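For clarity, chains are labelled A, B, C and D in written order, and residue numbers in each chain start from 1.
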Amino acid sequence: MRTREEFIEGLKKMKPNVWMGGEKVRRDDPRFQSSINVLGVTFDLANDPRYEKLFTATSHLTGKKINRFNHIVLTPEDLLKKQMMIRVGCHRVAGCIQRCMGMDAVNALYRITYEIDQKHGTHYHKNFVEWLKYFQENDLVGSAAQTDPKGDRSKRPHEQADPDVYLRVVEKRKDGIIVRGAKIHNTTAPQADEIIVIPTRVLVEGEEDYAVAFAVPGDWDGVKIINHQASVRPRKQWDAPIAHIGVSDGFVVFDDVFVPWERVFMCGEREFGGPLALQFAFNHRHSYTGCKPAVSDIIMGSAALFAEYNGTERVSHIREKISDLIGVAELVYSAGVASAVFSIKTPSGFCAPNPIYVNVGRRHAGRNIYHEYDILADIAGGIPATLPYEEDFLNSETKPFLEKYLKRKADIPVEDQHRCIRMLSDMLCSGWAGVWQVAGVHGGGSPMMETVAILGNYPIQARKEIAKYLAGIKSKDEFENEVEVKEVNEFLESIKVFSEKSK
Amino acid sequence: MRTREEFIEGLKKMKPNVWMGGEKVRRDDPRFQSSINVLGVTFDLANDPRYEKLFTATSHLTGKKINRFNHIVLTPEDLLKKQMMIRVGCHRVAGCIQRCMGMDAVNALYRITYEIDQKHGTHYHKNFVEWLKYFQENDLVGSAAQTDPKGDRSKRPHEQADPDVYLRVVEKRKDGIIVRGAKIHNTTAPQADEIIVIPTRVLVEGEEDYAVAFAVPGDWDGVKIINHQASVRPRKQWDAPIAHIGVSDGFVVFDDVFVPWERVFMCGEREFGGPLALQFAFNHRHSYTGCKPAVSDIIMGSAALFAEYNGTERVSHIREKISDLIGVAELVYSAGVASAVFSIKTPSGFCAPNPIYVNVGRRHAGRNIYHEYDILADIAGGIPATLPYEEDFLNSETKPFLEKYLKRKADIPVEDQHRCIRMLSDMLCSGWAGVWQVAGVHGGGSPMMETVAILGNYPIQARKEIAKYLAGIKSKDEFENEVEVKEVNEFLESIKVFSEKSK
Amino acid sequence: MRTREEFIEGLKKMKPNVWMGGEKVRRDDPRFQSSINVLGVTFDLANDPRYEKLFTATSHLTGKKINRFNHIVLTPEDLLKKQMMIRVGCHRVAGCIQRCMGMDAVNALYRITYEIDQKHGTHYHKNFVEWLKYFQENDLVGSAAQTDPKGDRSKRPHEQADPDVYLRVVEKRKDGIIVRGAKIHNTTAPQADEIIVIPTRVLVEGEEDYAVAFAVPGDWDGVKIINHQASVRPRKQWDAPIAHIGVSDGFVVFDDVFVPWERVFMCGEREFGGPLALQFAFNHRHSYTGCKPAVSDIIMGSAALFAEYNGTERVSHIREKISDLIGVAELVYSAGVASAVFSIKTPSGFCAPNPIYVNVGRRHAGRNIYHEYDILADIAGGIPATLPYEEDFLNSETKPFLEKYLKRKADIPVEDQHRCIRMLSDMLCSGWAGVWQVAGVHGGGSPMMETVAILGNYPIQARKEIAKYLAGIKSKDEFENEVEVKEVNEFLESIKVFSEKSK
Amino acid sequence: MRTREEFIEGLKKMKPNVWMGGEKVRRDDPRFQSSINVLGVTFDLANDPRYEKLFTATSHLTGKKINRFNHIVLTPEDLLKKQMMIRVGCHRVAGCIQRCMGMDAVNALYRITYEIDQKHGTHYHKNFVEWLKYFQENDLVGSAAQTDPKGDRSKRPHEQADPDVYLRVVEKRKDGIIVRGAKIHNTTAPQADEIIVIPTRVLVEGEEDYAVAFAVPGDWDGVKIINHQASVRPRKQWDAPIAHIGVSDGFVVFDDVFVPWERVFMCGEREFGGPLALQFAFNHRHSYTGCKPAVSDIIMGSAALFAEYNGTERVSHIREKISDLIGVAELVYSAGVASAVFSIKTPSGFCAPNPIYVNVGRRHAGRNIYHEYDILADIAGGIPATLPYEEDFLNSETKPFLEKYLKRKADIPVEDQHRCIRMLSDMLCSGWAGVWQVAGVHGGGSPMMETVAILGNYPIQARKEIAKYLAGIKSKDEFENEVEVKEVNEFLESIKVFSEKSK
């Protein structure tokens, strides 16, 4: 496993193919430091003996200790640990820990490449496993590139005026393929050692060229990363961990990029486009059952701390609002736990989180994110919006007045109160906050996408059968034998992990 | 284990102490049949080989097979099975399976009697275990009697104008105690073999007489059950399982009732009043994570069936509403699952569901029950409210018109459509429906009680520490060592059941 | 104007064509008394000097004093008075005052017959005005019959397997027309002197036969009313106004009914089918801005009264919930007021309530009705669901216990508390309550229908122009001249009523 | 009336007493330009003949034409025009028009000074009227300074450790008073010609020194403005009106400031502290019924425009969300309209908006603001969060890719799409956006403050009487005479403006 420093060294060695603010920039540009700080935590904690049981795993490919972010989920336990690792990691970085997308794409590819090979006699899985060993051994950071620009949303990929608005294969050669297109919203793209490309949606006949998956190094020829950086405002005097956090989102262009066959993991097997896109999405929604509770934790912790400083901690409506934040956090977390308990072992060995639970969990998070900020704003009052600048707290003409009038509870140092308010200001009234509000709605799939996934996976017919039985439309015998006994047996099978233990 | 018939025979033998509609009635009064039908299912399924793995358990006291409703929860597996047993049972009876209250009180007493004895050197636990063996051996039905009338809600028990508005010990004798008071909202009281009395709230000094728990047979001297019966409207022609469902709620008066010491499980140990009340409540909220998803299942199944009959199944807003019902059902179910995974082994051996998860789950259910009926009403349209009477469907003057104009999709028999609508009418526009709406809010504790429980059990201080770390108020080292490492280790300990399995 | 007694006399004279529970019944069947009680209030208050300014108006056709329920709305003042009349009337009958549907259909026909004649040179308006004079002079009760059975909801009228599932003209004769079909959910049908039939939806080419409007006496040949009656449970001892309330909903069959031309108000003018249906709907949604606040008033009054009796009136979350009920009531009421202020004078003289405001108001009401019951249930606790029967409060064996243990605040007579709880039980746990919950969602059009109407009437393009201006897509000059100045001028025109006054 | 240019000239002449970022700055510091742009609109439109009917009024003091922002509201018409003026003004500046606070404070003082004088025989009103003439004549901008720092929120003003955390009179002199304290969240403080100080809350005995109101010029001796500036990010290439918008919020210190008596409008009349604070709040909440609908208009216009560009305008869930935004806008607007229709003429002549309606309206706005941003984020997708920088759209290496892949519907110029997205990014992901989210919750009073005001003003007792009547606790006669007839008569009185017109 690498250290944070080795990770940074790696970035410095990469060829410059990142643009920002009109310039081509190096990966150690100071503006990227905030993103590097976040990813650095994933190295620190894996190397810290106090955290390693959660942040590392044993590779089933090599038997070696690896960073859990690069591990294939094989058991319900792996799912539970992944979820908790993310929650803990996110606490440290005031939000997204940023290394999950790669993990979730890797896990989806592990499953789907196996299933393509089973059906088509291809060798994608073998190639992928080789790549994965390299990825694990070198403790690399992967960035999943899924979202195509999509052009006119009322048209399918093959109906677009410009066929490139979904990334596609434009040429197949003996040694590899040429791909053209772009992938947007690629978190960590400028920090990623590897960019892992997968389709964004179900594909229909005639869209074979869009059924493509592969991995290339982040600085590969023809890959162009146009980056958006969102960082918390830096501090001049009252430095704090939150002031060192940020995120890079790359608009990644594939300008006729060559990918050698050993790095191609799907090419034309159209019917697997949807399953791969969805398995990634479901894995990533499972990740959200870890990170979104962490976001709620931070919001509730900040709100509760400020209420304490204000002397309003026991006020009834504030307590109820705090408890609502707990409700969101723990229902979403519960859904992740249930997705582990009712997980599904796939033929490849990959243990898939239950699709119903990851979707109801992620949707609940996405539907509530603005509501959670609403609660935070409600409890925080207007001061995060109008707090004077740090410099005015330093200027001797204004400092005494600001300290005198900012102070709330007498027994709390005004500096702590100031720090708390300044953090609230970052959390509520900064561009960085807005970016995470939007990401809270859309990251991992918008609530509407989860609704579609829920409806697509739920046994709604079995629910109708209950209604038919109760209404007298279906007989008791039929209901029991066709529906209910089956459901009971499936349940008992699912929870065997507990039964075996209890013996 | 008993059969349904043996259970009914038992009821017939009981002394009459039930009043309804101004008369003293026998327990086989035909108006009770709807309640007996519900409880009967708990006997049927335990005796059915297809269901016995879920509906029975092995008594840890006697080693014999017993009805799971009379079992002590000892493992996470038991919690998961209990939850699923309830969900399945409720599907069959269009709602509450009614035997959980007894189970939940028994489990709470198993724990708390043990802890009282540990502290006070009393013998409540031994007495309770003897009583429990008898309860399990004879496959009895227990009714938990918890809710006191409570008088003026702005006053504590000992401040009330009438001290009896909370049930209390009025005399201690050599052979037992005399209790006076009432317990209300006692579901199944007229069908219960045993009435199990526990306190309703935390008690303060001076309220020792209110700290009393015991069990007496349902027809015990001095016990007077004034019953309210809510049954689905009976059918004349279009009989259906839903038309045979009902619930008894007893207003149970304890008119200076003598309880022998061997049936007394707490008497004066004031500080355990709250813990016993809460353990029962938490157990019962765990039960709700099984039954409320079942209610959602029935609502969504009925709504989806009717939408199918109407030709509106693919309509976007209807699909989204169905998915909302799924969301409620499965988030609540998830919370129950998480409460098992993070359950807590108590000194008595009883495995307590995690209090945070049962409370967030039950609260989410309680907050959404009217919303779920809203969705059902929305999809069902106005017809459940204005459907002509069964007799008009039989009268030859009106029948042809009703059949002609009720019909929706051409390929569905109008009889099935009629049956579905009539069930919707029962579900939306009957007194029975109203009773279950109210119970959906208050049963097991209102949302506000769960809010209180959530706030009382949640590690909110640990959340504030995250905020302090991020704001620069607390150092990284302190945060890690005092908060985070501890949380990680506790998590790893909790999920050991999975780790051991995966070895 | 008639008295309540004259109205009842009129009912007795009508030919029996009502079926209920399998029998043909007379209009003075005791089961109808609860409905008659409601409508009777509209006669009582119009004849009461203290209320007549609100409940009567001067006919613009005859110059005579008439019941405002039979008046054509000609000014914003009329709209405001209509709204308030409904709110006051509904207070008296614990919900729907039931005479609005007729009024709203009459007003819609007044406008649309005029516009048809203007376009087609027909004489519908003249005929309608003659009928209306008769209607006003005789102070008749009208029942609007709009909702067709609709068959398969995924098909249009002309696509249905059975063409009669939307009411239609099956023959045109010299002296009149023959219509066949049914109209459902017709509130007050068995109490109505006149049944007023209008289309239910927009009609497309080929659906001319469905474009039909007319009025016939309630006992006209071929009209068959199959009635559903929902009444509050009668009382034995604790009589109360709420126990005398009920509603009739007729499933009205038109079995090849002849309508003479002078009673036909539309026949084949397809393009006016939608406008007539919508004008009725919008008028009726305006009525809802009066009745739904009244329902909220009753719910909040009952909840606040019970909280007072319980000693919980000052509890923070209860106060907040009461204030939420106020919010729903007064926002809906405000929308009605705004629909009057921004009303639209139509060519016929009829003053149409602003369509946007009636729709946002009615939708807000419909979306909140179950939520309001939720609040009521929350504050009421479990007792409405389990309250023992009246007879048990009379039986000397049980009465003392019930009175002892029902009592809450010491200074409130237990009889008042009992009365309050029994009313809550009717409001929450009766079939009548369920009927009004459903009606609260669907009456006047479901929330989804209002959404459609809002989108159809709102100047969303003007809103996009604001965005274009701010984004720099549209110039300031264009924005001002094309959009903003126009909006300002329209506004100033709308509020002239105020300007003139202030001069 | 002044022009925008004269207003700016005025600012330049003021003495420097503003600090920002650690420096004392002049009022023409370029960073203030964004605020000046907003206020400038209030001058432009008043001077524009196309808008003057809405943006000007005739002073009742001088008979001259004045800016409506400086006018005393005397009639319901004034309220309606004020509300619409604000809505129109806000459209132009993408949010708060910023000149309302002063207007609302002026109107509150006009009323309350009159009432103090009536009771105490003081001369505040005369002094105030003189000041007001000067204010109107010179077309000044006023900034209301209400919110005290408040210290420990669990303590009242006189209980605070530092008595200055609420602004107070520290000395009374012959020629005036000396005040000490601070007022925070003072929008437009650095642009205001006059700072108008009023109390923030109800005051109890012993808090006479806190009962103080006055006006001083913005650059008065001892007044120190420490400013926070929130401006939309400036553009380099794609300039747009939204890029020139911003807001100044001053933390205003009163460092022992002398106020001559003719500028003092309350001094020690403790019992009027609450009424003045509330009348300002209610006036300001009335302003919110104009500005918040404007914010919703902008959000919905932007969302609809983007949906059009995306090709998703007809998608069902997007349409429903747009209609939700309309619902929020128009319900809030309706509440303002109702507050005018049911306004209350006060003894001073000032026409007060109805307190119930302004509070239910403002609360509905405040409760929905984050929800509206949620909808905007939902429809906007992830691109506002990750949009590359303007410079990257100019750099020839990246420009062709960005234009190719940003493009949505083929027939819309990519530049327009880019402009739209960049505005969405400002609206969702900028510090300015966060400031307005917070202001949307708290400006004019948080939802909880409105809840308190609603409960304090609503005739809840009259609602209980309805319940008592229906439950049989109160007789019909008593109910009619004591409650209902009174309510009817009050209503008829309120709407006389309409009756008179219709005559």
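Simple rule for what comes next: a residue touches a chain if its C-beta (ideal position, glycine included) is under 8 Å from a C-beta of that chain, and two chains touch if they have at least 3 such contacts.
Here the structure is a predicted model, which is why all the values come from computation and not from measurement.
Colleague: Give me the set of chains touching chain A intersected with the set touching chain D.
Modeller: Neighbours common to chain A and chain D are B, C.
Colleague: Of all chains present, which has the mean Cα position farthest from that of chain A?
Modeller: Measuring from the centre of chain A, the most distant chain centre belongs to C.
Colleague: Which whole number of Å gives the spacing of the CA centres of chain C and chain D?
Modeller: Their C-alpha centroids are separated by 37 Å.
Colleague: Roughly how many whole angstrom separate the Cα centroids of chain A and chain C?
Modeller: 50
Colleague: In whole angstrom, what separates the CA-based centres of chain B and chain C?
Modeller: Roughly 39 Å separates the two chain centres.
Colleague: What are the residue numbers in chain C that touch two or more other chains?
Modeller: Where chain C meets two or more other chains at a single residue, that happens at 317, 320.
Colleague: Can you list the chain A residues touching chain C in their complex?
Modeller: My answer: residues 316-317, 320.
Colleague: What residues on chain B touch chain A, complex-wise?
Modeller: 50-51, 53-54, 75-77, 80-81, 84, 88, 91-92, 94, 238-243, 297-298, 300-302, 304-305, 308, 319-320, 322-323, 326-327, 330-331, 333-335, 337-338, 341-342, 356-357, 360-361, 363-364, 416, 419-420, 422-423, 451, 454-455, 458, 460, 462-473, 476, 480, 484-485, 487-488, 491-492, 495, 497-502
Colleague: Can you tell me which positions in chain B touch chain C when the two form their complex?
Modeller: Residues 19-24, 147, 149-155, 161-162, 164-165, 181-182, 184-185, 224, 226-228, 230, 249, 251, 253, 255, 310-312, 314, 317, 369-371, 373-374, 377-378, 380-389, 391-392, 394-395, 397-398, 401-402, 404-410, 428-431, 433-435, 437-439, 441-443, 446-448.
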